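Each chain gets a letter, A, B and C, in the order it is written, and its residues are counted from 1.
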């Protein structure tokens, strides 16, 4: 029971990251009906930028690592957000009326380009974050042997704050409502006086910025990364978004947690149920989960049936 | 001038195709085709087959498939396992591999085909990734884990002039001839068959060598195809008979005159490219096999043969009942359903057929490269196949060829190119000429001003490197020229006379370059020579993908078949299908 | 000067010319109707005016400003709104949110939005009852009310309605047309596109008849009502 609880906490933490990255996918899909394959790589760029900042510019702050991390977060948010807007402007906007195949290729192309630059910036090596970041955060002891590290608490709190904040923004504010309107109908939104391009740019700022923040946090959490991080993690986050029902913010959150928890649980309990090398198959869990859920519910857990736009 | 061009007789499409075919046959004998390039050609050929097979799924039926590499891999693994574990001649595994790949596709796609486009896309990615993870983890203990399988067999063929091969080939040829000439009268049908059979068997003894049966076979094939071609061009049976006789007589004369040389060269090639194995008899018949050697040329022709068969098959498929059904499903699934097309069934066939053919390509791949490892079938490969189809022009067969050139051949050729070409020799001048030529062409309606601008850019390009003797500055010059022609149209929108601005900017550029150029040029040269283009290959590919799509969203050679009538009728009425629905109510 | 003027507008879908030299005027304070059969180009005309489509040639003046090069969302700020064809309700937004989107061009001016909403609720009390309901769950008539109400939220000078009677029961149609009249009496100019020619002409001051993309007939609505051709082709009288 106690190991179960411990695994649940680990799963929740990873799931939180999946959820935050999934939000970016789901928002973009909402307004453009486009799988933004470059999103995973922008997430990785968040990790990379964070690493670059914390090992150079902010390296002298390491005894005040909270400040260094806060400063790095701000830079990462801005930088990755602008990166997202630029990619939308260059690679997606010219293709908005070009059918459904071309934007997929363009998105994949953008992903390749981002990955190649990251590969050369990081010399294609594994890079490590400074050691002992936030080590002084106190652990939280739940029961005898179950505990959350301070880092985990921070990650969970940040992810939760991001998700709740975004939800409130989209549900309660004028611009958030406009986002939902744009995701329903571009033309009618324009008739309301909504600048659709600006809303889409905003979505392409917020989504990648949050993804980049998640990237920075995951860099701190895991300590090391390389340039391929974005692809696998991004794909899984996208799967999380689909599991929950794409275009749906609570859905992305649910999907993220389901995926994070299932992965952790299968790896932890796989050997007990006859899967000896469960960890080697860990990456397949997301895909199997995706296929099973989509066969049962073709539009995801919270998704509604929408007629396909041709 | 354009009018005059239009009046020139345009070559018929078959002439272009024939030229392409002849080029493909001549390609491996060309001077620049060394061993590694021939090998690249074989590799590209496999990808052409993959592109053509994926074209069924994506181009014809309009389904998203980003996991095609899995079915390619299934074919390759099937061939490798059968050939290594069970000693089956690798080409004989083709039907099994096709069945395995096609069957697997049918099995997995059945429950997911009803999914909407993007969901289907992600599910196919999932299948591809599951396949990769499974073979990497040595599923069922037969895939060799992450190292893959080594030593898949090389293709074996029976020696073509040992009985019973010539007889079997002749029977096939005659059947083809008799079927094709059914409506051409008995003279051509039976007389032609007799002539072909006679010449077929007389040629080798006439020339004095059994090897000449190879020529007989070529003659037979050409005769059957030639007659069919003449008929298609509208000649009556007399013309066709004459055509047939011409072909036969030409070959007979050629075989008689050059028999010894032919036999010698066939033997020579046999030694060079094939490994003649010990005599084998099956039921008392000698079927001595020859196995391919490492040299890529025979593989090239093997793959070329498969590609030709595939293209012919694809064309027939496109225009078949099934092909039209795919078109309807792709353009408007609801309408297709309303017309009584079983859309699920039709999509399933597309998936199965495309995947089976990818399995065949997998066998060819395994037989050539003999190593079958997971990384050859990962997501990147699926993306490359997808790009081959979409970049070339979804649904278009020439598009697949162009797409393969861009996605497979070009990146490999980049390997040999050092970036120093940017400032050495004629490189910079060619690029500059292209940039400025493009600018002149796009600004030709502004006459003199455009010429002056071009001249100024050219001057600014040449002055600093020539003055300082630093050729590497040409690289900066190229960037400058590129920037100028992008900025110029924007500038022109703001001011009526852009020339002073252009001249000022260029003068400033030249001045700055002359001042800082000598030190900067040396640094730049060091940087450029240290630049390894392979590090950036994927990135360049990615940028090229974005640029290509933005410039030509429908692909380089878009498919010409247009989707039925719907778009032409529904659009003008205002808001597409909604109107039609309202009209009905 | 008229509130809205179209001069020789030509609009294309691809290479197909759907509007052929359309010229029309809407005087301030009037109700002007555009009638015609299905596919005659009525909706295309409205989409061209509101900026969703670009004319290939010609000029559109609204309140004296040329608007044919202005993006659709900016035209709204000039005081021209539209209840689009098929109502264009945002199905997963609540009634109130739909209305708020109509007032998007007012920015964050909560007071004005609140006041406009009250006016719309006064005009359509049914919407007030259902303000927390999702737009997609409303009945057809309620959706039409919402669509018109939403277009009024920006306090337009000119309101364009695209077939407000479409798919509604006769009783509801009458109610909708009465409301349109009430709106007009409050000082809003209305450009009404309709297939229901009789009702539209009874309400309107001036009318245009659109046939295969060109204006074939125009005149004061009363005259059109008694015009032989109109009666024959659009009013179903022999």
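A few comments on the model shown:
Assume contacts are C-beta pairs under 8 Å (C-beta built on N, C-alpha and C of every residue); 3 or more make two chains touch, one makes a residue touch a chain.
Every value quoted in this text rests on a predicted model; they were computed, and no experiment measured them.
In this assembly, the chain whose C-alpha centre lies farthest from chain A is C. The most central chain, judged by the distance from its Cα centroid to the centroid of all protein Cα atoms shown, is B. Across the structure, the highest number of inter-chain C-beta contacts is found for A-B. Rounded to whole angstrom, the centroid-to-centroid distance between chain A and chain B, based on C-alpha atoms, equals 37 Å. Averaged C-alpha coordinates give centres for chain B and chain C that are 53 Å from one another. Note on chain placement: the centre of chain A and the centre of chain C lie 43 Å apart, centres being C-alpha means. Shared interface positions of chain B, i.e. residues touching 2 or more other chains, are not present. Of all residues in chain B, those touching chain A in their complex are 58, 64, 111-112, 114-119, 121-123, 125-127, 129-130, 133-134, 136-137, 332, 379, 383, 386-387, 390-391, 394, 535-546, 548-550, 553-554.
Looking at the complex, you find that chain A touches chain B at residues 29, 33, 35, 90-91, 94-95, 98-106, 108-117, 119-120, 124, 231, 235, 238-239, 242, 246, 277, 280-281, 283-284, 286-288, 290-291, 294-295, 298-299, 308, 310.
Taken in their complex, chain C has these residues touching chain A: 50-52, 71-74, 76-77, 81-82, 84, 88, 90-93, 97, 100-102, 104-105, 108, 150-151, 154. In the complex of the two chains, the chain A residues touching chain C come out as 174, 177-178, 180-181, 184-185, 187-196.
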